[in-house]
């Protein structure tokens, strides 16, 4: 399998406080890689390096290399906007833009591509279908994105993320603010998404990681303690810390 | 085993909207009874009848009988303040009162009982020990209750609830706002609590219900679909709806 | 959860169907080999058992994986556990087929002698039918068939008990052929144990469907008569 | 989760220790009964098996309950699964003890005759030691002991194979005593299978500790020689 | 934002995308233009934000400069001098300051308990009653102060003269207390305090209501859950929970009362003299300013600016206190 | 354990609740009283001529309020135009640029202090910086004074409203490859647009009844407001003050009440509109 992302000794700092230590990972293309660990272990922080969203905050900085398709995207010359187009991100809470369902998905398209109106409509439909949302919203494309239910909003965000034709999808606890039924739908959607994208998901819900991911990385206090096939992590973890965490023996 | 609470055909209304339908239950003393079901199924509503806390809101009303130790507590003549002393309630989020740790626990004592200072101190210690919190807070009894961590706050609320010598503890998703490690502690605490109290817990976390409860009631759309021993509910539910819910086949 | 679990569960069911087919085939081939004194066929059965063993381990790993990753409850859990146990029984059936096949070479030595042969046909048919029905019961979640299989186990037991007496008589009558009759008894015992396995599978199926463990309720029986 | 799981798990371990002790006792009593031609003792062994069966079902239910309610993963899951399987093996050992005991009445008939008796002592000691070690390995999570038991299984196999030949020879020599020698063979086979069960338990223990299924790696063996 | 539009448009740079889509825009490959634009936007916003700080400093500077003459003339004694004599160009601030403090104190004394009680009622009332009543009280705050002044002048002052003050003096014999005299004409400190009380009531009430509402429902429910009555819940739990917010609200009301001009101007009597009774006519700083500014010049004008500076300083201190408490509550809420 | 008496606790509860009901009735009663008085006295003045005629000096009949009304509208609109753009930008700065925490804290703090500033001082300030240098009162100076009052109100409301927009919305916009500016203007401000409008209206209603600053800046003139930048400009609040305090004539008192009614009505209308807009926003979320 092709390695899509190769993190090499990432160190991350919040001001003077070091949050990540020598994180190295190799992420396979077209697989779901789950990132688990106790709160504050750095799992979200790790993900936020990938699309350099951490740069919003002045006192945060990273050291190390992050190769995507072999290219170090942490290099200063890299075009951040283009990088972010290539890496879709889904957040903990659904964040539909304050516009219609259609415009929500069309917005990134218009931002990045020059397309005719019909082509935009096509791609919006395609993205909404890709997010298993088309059937539910096709009759209310003009309604506000905020009028949808929580689960639908989250799928709208997924549609928006995949509209710009990214290659990687980062999901930061995408179902933590969503009810179980909607969670189910999104988890099923992920099975579809991994056919086209490389998916990374941060989750505090171990069962979720177990259910949906192919690979699992266990973070603890900023270190990657163990990384391997999900099956192996959950049936036969190699590190005591991992074992303690997944069996709930912590604390 | 003694039946502590006997709900008889409870019907509950939010204004014109009926939320609960003919809820009948028999709750055993000194057992943990879990109430599970999808969001909006009425599980919290059901619990809020027990200490008549719903009466705070004008448009909510109940029909039916709720016998506690054989006495219908929904009768108008029942003294609500005394009823609430007898039924401790723990909420979704920790709600320490804006006072010191000590006063948090002493407050309900002073409210309901005439006690000397030393006796109050004794009982506060006893309650804090009962909530497995004493060792952690004995050196900061004067600190604000809000200064504790989330899990400690929740145990403080438990201490406060048990200080007034209740007989029943109602817990409305007591760990949903708390991190996994603290959740563990509270779950372990429950094992202790059930020795002295009759515990009812509403939870959206099926695994939690499975782990800690002796009996489980499954609510759906305001009806009690199934009620039985937890083991039976989770290995061999009798109703299709229950099966669908606990195996995640909903939606 | 569901989609992932269903996917994994479907794969599991296919795997168990496959191993069941293999085991059935092994029994059939072994019995045929006894019938036709076909040592080559018997050797093949013995060689093929490795595949069944391999499949058994794969299925078991898959079951454990499902338990660890999907943490099923209620009927889902019962199905996985049932498969875990049925898988074990099927592997045992495969082993028993090997045991039968191992006797073939020995028995073939007596092929030409004019001794009284054992007639296994009735027993073979019964045992094979039970095995087949048991697997069907599992596949189609059919408790009725499962109950029937459990009931018919007694018949096979009786046949085996008769075979035991017959063997003793035969040995007394033809001491020189003791080896052959002991082989026959082994075959009979294997068939009886295949029927037992079928019964066990059916008990598991009933657990899968009803959630009740019905084992041991109809008197202690496994290997009860030799 | 932990406290509740540990509580349930402890109970489970106590239960499995109890059933193991019962099964060991049954084997011991059965073998003693054979040795002393004590029909009464043998009858007691047969009667007591119902308790083992009952305990087996209780343990299995407890395992399923833990799986459904606590949804263990990693080593916790492996321990529960191991107990589930070991439990099954132990029940089988109990059944085998019954099989041995069932022969006692028959063999007692030959008590007074001056025939060459079988000496099971070596085999009994080996099989019993294996069973005990296997249970110890499980209790103390000791992979080394488990490996040793697996290795020593071959010795018992060899003894049994010798017994098989010896039986045939004896029958040829004393056809009138065929019944007795067939009983002896049955006892030998039961002991051999008890050793097999011990081996299986050890394989499960190794899985429990290492997470690897080691079964079938040391050649197909169960009942491989009669 | 006009300032942003003047920035040159981003250079278009078309290029092929691997899926075959055409890129619409995007900066040149190093992305500089985009960030320049972002930077300009940021500095424009920051500049506007800085205005508020500059204004505040400007207030002090301007008033200090304009009042420097008076300070030179009277020194700090200006603050404790009771004289205000335009004929002899002798000016002192004490009468105005005392009037200000007295009216403010009276208004707070009257408004606080009422506001707390009203907020308690509104927080608990059925929405169908509580909401309209709440809005009604809020609208009380929206009525321009000049209207209060008129109402005070034409309605309240006559009522005070005819009924209230006679009642207080004749029936309650309050004039035996110090600082109450049996001379009254409807105008004066008490009337002004009363008007101010009505004016600041909605402000304090609104903040208290926020405090009541900001109290997590679960906290209130848990108070009831341990068996508190509604009043016990309010005084022991909600009050303590929102104490800082309540203090902030009190200071906000205090600031209002201190600086209010028009409503006071109409009813206080505008006598620049030390008051000897709560019925006496007096003045406040802002009333003095509004009343005398038009005709004043020279040292009198400077003295008025000095009064203004005094008021600014008082108001500043009170606002600092208010912000201190409100900020602390919002920080606490932020944690939750 | 000895139990505390329940009846005493319940009685005090009832008494307090009775008192609180009275308090609300008092407050609402005061409002109704004021409004009713204004309506009763003011209604007499409301005639067509009252709205179309300019004000006349003392004693001249048929004086209206048209010039003052127009003047007030011009002054207030001027103030709104002056204050809104920089105040919005300032609000954006406060909520969006978290890099300069101490500076932002100071600015937010001074805005809060400015919001509580007595308006009479704002009048004084503008008098010093505008009226004195130019030598004359002007409507524009009044607009500046009102703008100074509006500025912190809009700024702080803007900040609060933008702060209510979840931070992840910004991040998700940026994560799609948007620039900071586009994110702020297209996504964040769009999300909060009703809140921003609420802030502007809030500020508007706050200043539309202000009197004290106008005394020092616009003053008053019995004529149409045709020299907004250079001369005293007629306006409602000062008209009311003049007619009620400095005039012995009943007709002028009556006109004052009429003007008061108009101002009160306008202010209350703006207020109610603000509330409705804000409530709709509340439901949207």
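Which chain is which? They are A, B, C, D, E and F, in the order written, and residues in each are numbered from 1.
FYI, a residue touches a chain if its C-beta (ideal position, glycine included) is under 8 Å from a C-beta of that chain, and two chains touch if they have at least 3 such contacts.
Since the structure is predicted, the reported quantities are computational estimates derived from the model, not experimental observations.
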item: Subunit C and subunit A - chains in contact with each; value: B, D
item: Angular offset of subunit A relative to subunit B [C-alpha, multiple of 5 degrees]; value: 180
item: Interface sides of subunit C and subunit D: same vs different residues, half threshold; value: same
item: More contacts between chains, B-C or B-F; value: B-C
item: Interchain centroid distance [CA atoms averaged], subunit D/subunit E, Å; value: 89
item: Computed distance of Cα centres, subunit D from subunit B, in Å; value: 49
item: Separation of subunit B from subunit E, taking each centre as the mean of its C-alpha atoms, in whole Å; value: 45
item: Where subunit E touches two or more other chains at once, by residue number; value: 34, 229, 232
item: Touching two or more other chains - residues of subunit C; value: 1-2, 5, 64, 68, 71, 73-74, 77-78
item: Junction residues of subunit A, two or more chains touched; value: 80-82, 111-112, 184, 207, 210, 234-235, 248
item: Contact footprint of subunit D on subunit C as seen in their complex; value: 46, 49-50, 53-54, 56-57, 60-61, 64, 67-68, 71, 73-74, 77-78, 81, 84-85, 88, 92, 95-96, 98-99, 102, 167-168, 171-172, 175-176, 178-179, 182, 185-186, 213, 215-216, 220, 222-224, 226
item: Subunit B-facing residues of subunit A, complex; value: 38-39, 179-182, 184-185, 204, 207, 248, 250-251
item: Touching residues (chain side subunit C, partner subunit A) in the complex; value: 1-5, 7, 64-65, 68-71
item: List of subunit A residues in touch with subunit F within their complex; value: 51, 53, 56-58, 80-85, 87-93, 95, 97-99, 107-108, 111-112, 144, 146, 157, 160-161, 164
item: Complex contacts: residues of subunit D adjacent to subunit A; value: 1-2, 5, 71-78, 210-212
